[in-house]
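Each of the next two complexes has chain A plus one more chain, namely chain B in the first and chain C in the second.
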Partner chain A sequence: MTNHYCDLKNADVILIMGSNAAEHHPIAFKWILRAKEKGATIIHVDPRYTRTSARCDFHVPLRSGTDIAFLGGMINYILENNKYFKDYVLNYTNASFIVGSDFSFNDGLFSGYDAKKRKYDKATWVLEKDGSGIPKRDMTLTNPRSVFQMLKKHYSRYTLDKVSSITGVSKENLLKVYEIYAATGVPDKAGTECYALGWTHHTTGSQNIRTMSIVQLLLGNMGIAGGGINALRGEPNVQGSTDHCILYGNLPGYLKMLSASLESLDHYLEKYTPVSKDPQSANYYSNYPKFFVSFLKSLWDDKSTKENQFGYNWLPKMDDGKHYSTMHMFDAMYEGKVKGYFCIGADTAVSTPNSNKVRKAMENLDWLVGENIFNNETYEFWRGPGVDPAKIKTECFLLPAAATMEKEGSQSNSGRWVQWKYKAAEAPGDALPVGEIEIKIMAEIKKLYEKEGGPNAEAIVNLKWDYLDSKGHFDVMKVAKRINGVFLEDTVIEDKAKGTKTEFKKGQLVPGFGNLQLDGKTACGNWCISGSYTADGINKMASRGKEDPTGLGLFPNWAFAWPVNRRILYNRASCDMNGKPYNPKRKLLEWTGEKWVGDVPDGPWPPQADKEKGKYPFIMQKDGLGALFGPGMAEGPFPEHYEPLEGPLTKNPLSGQLMNPAAEIFKSDMDKVANASEKFPYVCTTYSCTEHWCTGALTRWQAWLLEMQPELYVEIGDKLAKEKGIKNGERIKVSSIRGEAPCIAMVTKRFKPFMVEGKEVHQVGMPFNYGWLFPKDSTSDSTNILTPTVGDANTFCPEYKAFMVNVEKL
Partner chain B sequence: MKNQPELVKLIDTTLCTACRGCQVACKQWNELPGLKTKQLGTYQNPPDLQWNTWTLIRFQEYEDKDGNFQWIFRKDGCMHCTDAACVKVCPSGSLYYTPMKTVGIHHDKCIGCKECVAACPFHIPKHDAKTDKVYKCDLCYSRIKESHVPACVKSCPTGALTIGDKDAMIKKAYARVKELGGDANVYGDKFVNGTHVIYVLQFKPEVYDELPVNPTVPASVTLWKDLLKPLSLLGAGGVLGGAFFHYMIHGPKVPDDQNGGQDSANAEGGK
Partner chain C sequence: MQITRRGFLTLTGAIGGGVALSGFGLNLNATRAYADELGKMDRIKVAKQVTTICCYCSVGCGLVCSVDKATGKIFNIEGDADHPINEGSLCAKGAGFFDLTEANKHRLTKVLYRKPYGTEWEEKDWDFALSRIARLVKDTRDKNFTKTNAKGELVNRCEAIGHYGSSNIDNEECWLVSVKSRALGLVYIDHQARV
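Here is the complex of A and B:
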């Protein structure tokens, strides 16, 4: 979240799109209801009417996978009707920048596309610079090559008729949402967006979010109380695990994973350290090398030195152009290239798309290690449906893990609040916290490497993992301190601006990431979290102050929000160029002439009207301004609508490009696709339900929860059910080209057919909370038997939300 | 137990997200088991209140005559009537009024006569054939007597469930209804001398599944309480009298639970 949960109450309009907030964030939903109580309009855009829709002002059904078309239409509406926040757009976004003359867009493709590689060469996706390397700007926004005019042109194609025909949303409903939401493009109104997996689980997932970012920048909704773009993340620490690099392309704190062509530390740092010549751009990522070197020091401490590039070459490197998502991992496993698999706290045989392929892939494993609080379908794959245990050679281990309430540590909520929690009970039997299991396994591996050597042995032998206490147990405090960062030598830090010198002692915790050093004098496990543990030993994550000085619900003394306890990101954009709040009624921040007062500002510099010392508000952007033109994306600087891998159409109504041209296509014999097929005529989407959590691997053991949602069902509109002669509560079969899932029909008025390109398109939906292993007499299996192996072109987050199926009576 | 306020629990259906935290919290506090169920084509599960389910979220797909759709959620459970038919008919003293004017239940005293099951205008008490006893919500008497809110209220994330002093809660309910406008109404304060669970309803009461529009204490119950019960107590004692009364009205006791097990429930359920 750019903002945080409590801040949702400050919004005037909340667009819930790509999320079923009431069902999946039932506690957080109260903040949305508080906004509603205060008069905010709550809009739910979703293929299905859900428990969220029931509590919103109104629900707008939209065909799965057409969010960019819907939002592209909103951008068009905002620009055509001059609903954008002019002062904000002009000064705080790159609207006035000039797009390079070689950049083009034609029939769904941007310049630089390589059809064979399904990849873009981004060389032409650039902004023009003047002689001194500063981006050129046209403050009249009339230059046809300005980002503003290019944006306008791009989305002029997203007319009401076109968008309605793609999305299946009536023109009346489109206009209703556009008008209400665009009305927040004024200084004293705030609109926010809540999304979740309904946006990320698409081949265009990242661009769904980018499109909304553009909307929010145009309306001046970024950086303000009650605004922003808010990813509602999963309850169990999804934010924390992402911050600590659960994704293959990241290192902790969103530092970039290494690739093979970056042979030296210098190469690496040069590639990932952005340079700006504009004196008003803070370009905060120019500090990247300090964060990265301090991270290397956190791994190897005194063994990482300037001479050995701080151990840079001990880190694993990805092959250039290759990806390593779970889908890639199982693809490689299916090809027999992966021999061992640690599956920790997951049930991938249920949760990964195309589960039949995943389960088949696991048969190629020599060994499998599970760590979990319960057994699940992944650990038992060797005796799953249709598998002959006698033919499986995989050696399987299951290590009992402590549950979340059986261990101390931090959990981060979606609002980036790192909150300390305490152990409530001892773990049963031999169960250990996963951290302790990992450290103990690594200690044994280290011994083996010390004895026998092996490839890249130094990386393992030199690893500084002294995280056990005197009794040999995992010491979370030691880890927390290392994550915060520590001085490894006596260090004097000079602040030239203030003319001060501060001395830090070896072993002292660093006050924040501003103190991290390039020369190896500091170690920091995750620069984002730095400042969470103070030098005088106060664990800020455990702080529970309820003070609310701004009245906006920032609660600055409750836990620690990264970065530097900032509660709302880009908050300097809530003020005009002189630092006066755009909306004095929701004063998030104000420049007094000497300093900022309110939330922790995005840097101490004066507001941007001060041409000498002032800085632009978007300090993590190289150019310091909100990016309407975003060249970092895999499929283009302006989001474009593409159909899902499997959909009801043979042609994209907007261009000659049917699906995302940059999305990778998996080609194994089990990766079958059936687009616009008569055999599989219905759009299907998958989701969770309130009563179960994810694969149900934890909740299916719980009788009270199972009693409420006992088995797999498919929600099917009453019109389609009538056509197919399917009765409510009847056992039926849902199938895709990849497999079948028997389930119970839940006939409902909450799914309505869509009119798409003049044709009636039905959509059905299924939860993914079930598996074959338990309850003991389970007649269900994973819904992911149906889903395709395909994902977002940037993140490889799988497409769970739009694919094609058939529904049949048994 | 002196100075206990008269309590009212307010269920604001317009704030309920049907997360069913209350349904689970009730079972947790009251140590009720989760039983085997089937998916019957609805989120509502178990399909009705039953001996192990003292509160239930009812899911109902409602379309008005103009085609406006609303998925209605209503938390069902004991209304804790001031003139409680169940207390009136209970021959064993199992059902009783607590000092907070809610209706408590002593399971050890229950003889399984099911008079309360027949008498309740809201169809709340449920009989369990195995233990031959009747069960229902007691508004977490074990909690409220120690000044804790009931488990369901404690678990509610949105503020749909609140509890407090009767007058204050009724006032709150009417203020909310005024704010909501339209057909919104307060349900519960006007009949059986006022219930201790009241609703803020978005629609008129007749829209809701299983919600009586004019709940009353059955005439036979009034007859029993005012005439026959005092006589029987003079005679063979309440327990025998109750059994006798039951026999006279309903004939021999039927062993099977008519309302509990899911297998016998309407497969269409409520949605």
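Here is the complex of A and C:
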């Protein structure tokens, strides 16, 4: 979230699209309703009518996978009707920049496409610079090559007729949403968007979110109280696990993973340290080398030296252009290349798309290590449906873990609040915290390498790994302090601007990432979280102060919000160029002439009207401004509508490109696809329910919750049910080209057919909370037996939200 | 003992509920539930109260665990009224948090091992598991280690071991997972943020 949960109350309009907040984030929804009580308009755009729709001002059904078309139409509406916030767009976004003359867009493809590789060469996706390397700008926004005019041209194709025909949303409904939401493009109104897996689970997932980011920038809704883009994320510490990057492409703190062509530390740092010639751009990532070297020091401490490039080459390197996401891992496992598998606190045999392929892949494993508080389908794959254990070679371990209230540590919510939790009781039996299990496994491995050696043994033998206390248990404080950062030598830090010198002693904690050093004097496990302790060792994550000085619900003394306790990201954009709040009624920040007062600002510099010392507000962007033109994306700088991998259409109504041209296609014999097939004529989407969580791997073991939602069902609109002769409560079969899922029919008015390109299209939906292992008396299994192995072109987040099925009576 | 604000609110809620239920006539269940609630109230008042954060969605609601000082066991978990986000309220899953404690008979309490081609789990101890896992990791890693790729570039990686999870462990644990898997040279590293 750019903002945070309590801040939802500050909005004037809330668009809930890609989320069923009332059922999946009920307490977040409380803050949405608080805005409504104060007069805000709440809109729900979703294929299905849910309890969220019931509490909103109105619900607009749209066909799964057509969000970019819907939002592209909104961009068109905003630009055509001059509803954008001119001051903001001109000064705080790259609208005035000039797009390079070789950049083009034609029939669904941007310049530089390589059809064979399904990849773009982005060389032409550039912005022009003047002689001194500063981006050229046209402050009249009339240059036809300006980002503003190019954006306008791109979305002029998203007419009401076209968008209505693609999405199945009536023109009246489209206009209703566009008008209400676009009305927030004024200084004293705030509009926000809440999304969840309904946006990420698409081959165009990242671009769904980027399209909304463009809307928010056009309306001046970014960086303000009650604004922003707010991901209601679905797991308790998914923000923290993302920040610490248990992800193939990043190291803790979103540092880039190494690739093979970057043979030296210098080469790596040169590639990933952005350079800006514009004196008004803070370009905060120019500090990247300090964060990276401090990370290397956190791993190998005194063994990591300037001479050995701080251990740079001990880290693994990915092959350039190759990806190693979950779907890639199971693909490689299916080919027999992955032989050992750690599965911690997860149930991938249920949660990964095309579960039949995943389960088959696991049969190739030599060994499997599970760590969890309950058993699940992944750990028991060797005796799953249709599997003969006597034929499965895999050696399996299932290690008992402590539950969350049986261990101390921190957890980060979606609003970036890092909150401390305490241990209430001992874990039962032999169960241990995952942290302790991990430390002990690695300590054993380390011992073996110390004794026997092995390839690149230095990386393991030299690893600082002393995180057990004197009694041999997990010392969580020691790890938390390592993450925060520590001075490894006595260090004097000079602030030339302030004319101060501060002395820090060896062993003292770093008070924030601004103190991290390039020369190896600091170790910091994750620069984003630096500052979670004070230099004197006070744990800010454990703060429980309830003060609310701004009245906006920032609660600056409750827990620690990264970065540097900033509660709303990009908050300098809530003020005009002179630092005066655009909306004095919701004053997030104000420049007094000497300093910023309010939330922790995005940097101390004066506002940008001060041409000498002032900085632009979007400090993490190289150019300092919000990116309407975003060349970082895999499929183009402007989001474009493409159909899902599997959909009801044979042609994209907007272009000659049916699906996302940059999405990777998996080609194993089990990766079958059926687009616009008569055999599988219905659009299917998947979701959760209030009583279960994710695969149900925790909640299905709980009698109270299971009683409420005992088994797998499919929601079918009453019109389709009538056509198929299916009755409510009847046991039926849902199938895709990849497999079958028996379940109970729930005939409902919540799904209505869509009119798409003049044809009636039915959509059905299923929860993803079930598996075969428990409850024992049910015939349920994973809904993901139906879903395809395909994902977003940037993130490889699978397309669980739009694929094709058939529903049949048994 | 002084009644805290939260204790007071819960207490008045319980009494209010009891009165409402008894108003329907001679419903003994309601009376019994009321008595149970009062009994629990007494226990909560003398219990050690420990705060935690919910382990389901990412809203980050606060909970209070009441721990019996004599046995060290958790006997009640409810919303933290002082928490600025949930203000004491919880959803269905949060309200059922107690069923995650050892009171749930399905909790894993022993190291389980399934030998190759085995048909059942066997109980083992930590020493067995740790040393056996370490051996398997080392053998798999060493046998399949890629020092240089097809282009001859130094890559120091092991593609034969996958590592998944987790977004439902604490930050400090996540960091250890992230660091451990990198030090081992793994590249198939992922977790639920991807899904």
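The definition used in the following text is that the second predicted complex is superposed on the first by the 809 of 810 C-alpha atoms of A that agree within 3 Å, B and C clash if a C-alpha of one lies under 4 Å from a C-alpha of the other, contacts with A are read in each partner's own complex, and residues count from 1 in each chain.
Everything below uses one rule, namely that contacts are C-beta pairs under 8 Å (C-beta built on N, C-alpha and C of every residue); 3 or more make two chains touch, one makes a residue touch a chain.
Owing to the predicted nature of the structure, the values given are computational and were not obtained by experimental measurement.
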First (chain B), second (chain C), both or neither touched by A:Y713: first
Touching partner for A:G133 - first (chain B), second (chain C), both, neither: neither
Touched partner set for A:P279, first chain B, second chain C, both or neither: neither
Chain B versus chain C as contact partner of A:G507, first or second or both or neither: neither
Contacts of A:T795 with chain B and chain C, given as first, second, both or neither: second
Winner by number of chain A residues touched, once chain B and chain C are compared: C
Contacts of A:P549 with chain B and chain C, given as first, second, both or neither: neither
Chain B versus chain C as contact partner of A:K393, first or second or both or neither: second
Partner chain(s) touched by A:T699 [first = chain B, second = chain C, both, neither]: second
On chain A, positions contacted by chain B and by chain C: 26-27, 30, 690-691, 702-705, 708
Chain A-touching residues of chain C, taken from the complex the two chains share: 50-63, 65, 67, 72-74, 77, 82, 84-86, 89-94, 96-97, 99-102, 104, 106-119, 121, 125-126, 129-138, 140-142, 144-145, 147, 149, 151, 153-195
Contact footprint of chain B on chain A as seen in their complex: 22-23, 26-27, 29-30, 33, 49, 51-55, 690-691, 702-713, 728-730, 744-750
Sites on chain B touched by chain A in the complex: 15, 17-21, 23-24, 27-28, 33-43, 45-46, 61, 63, 69-73, 157-159, 267-269, 271
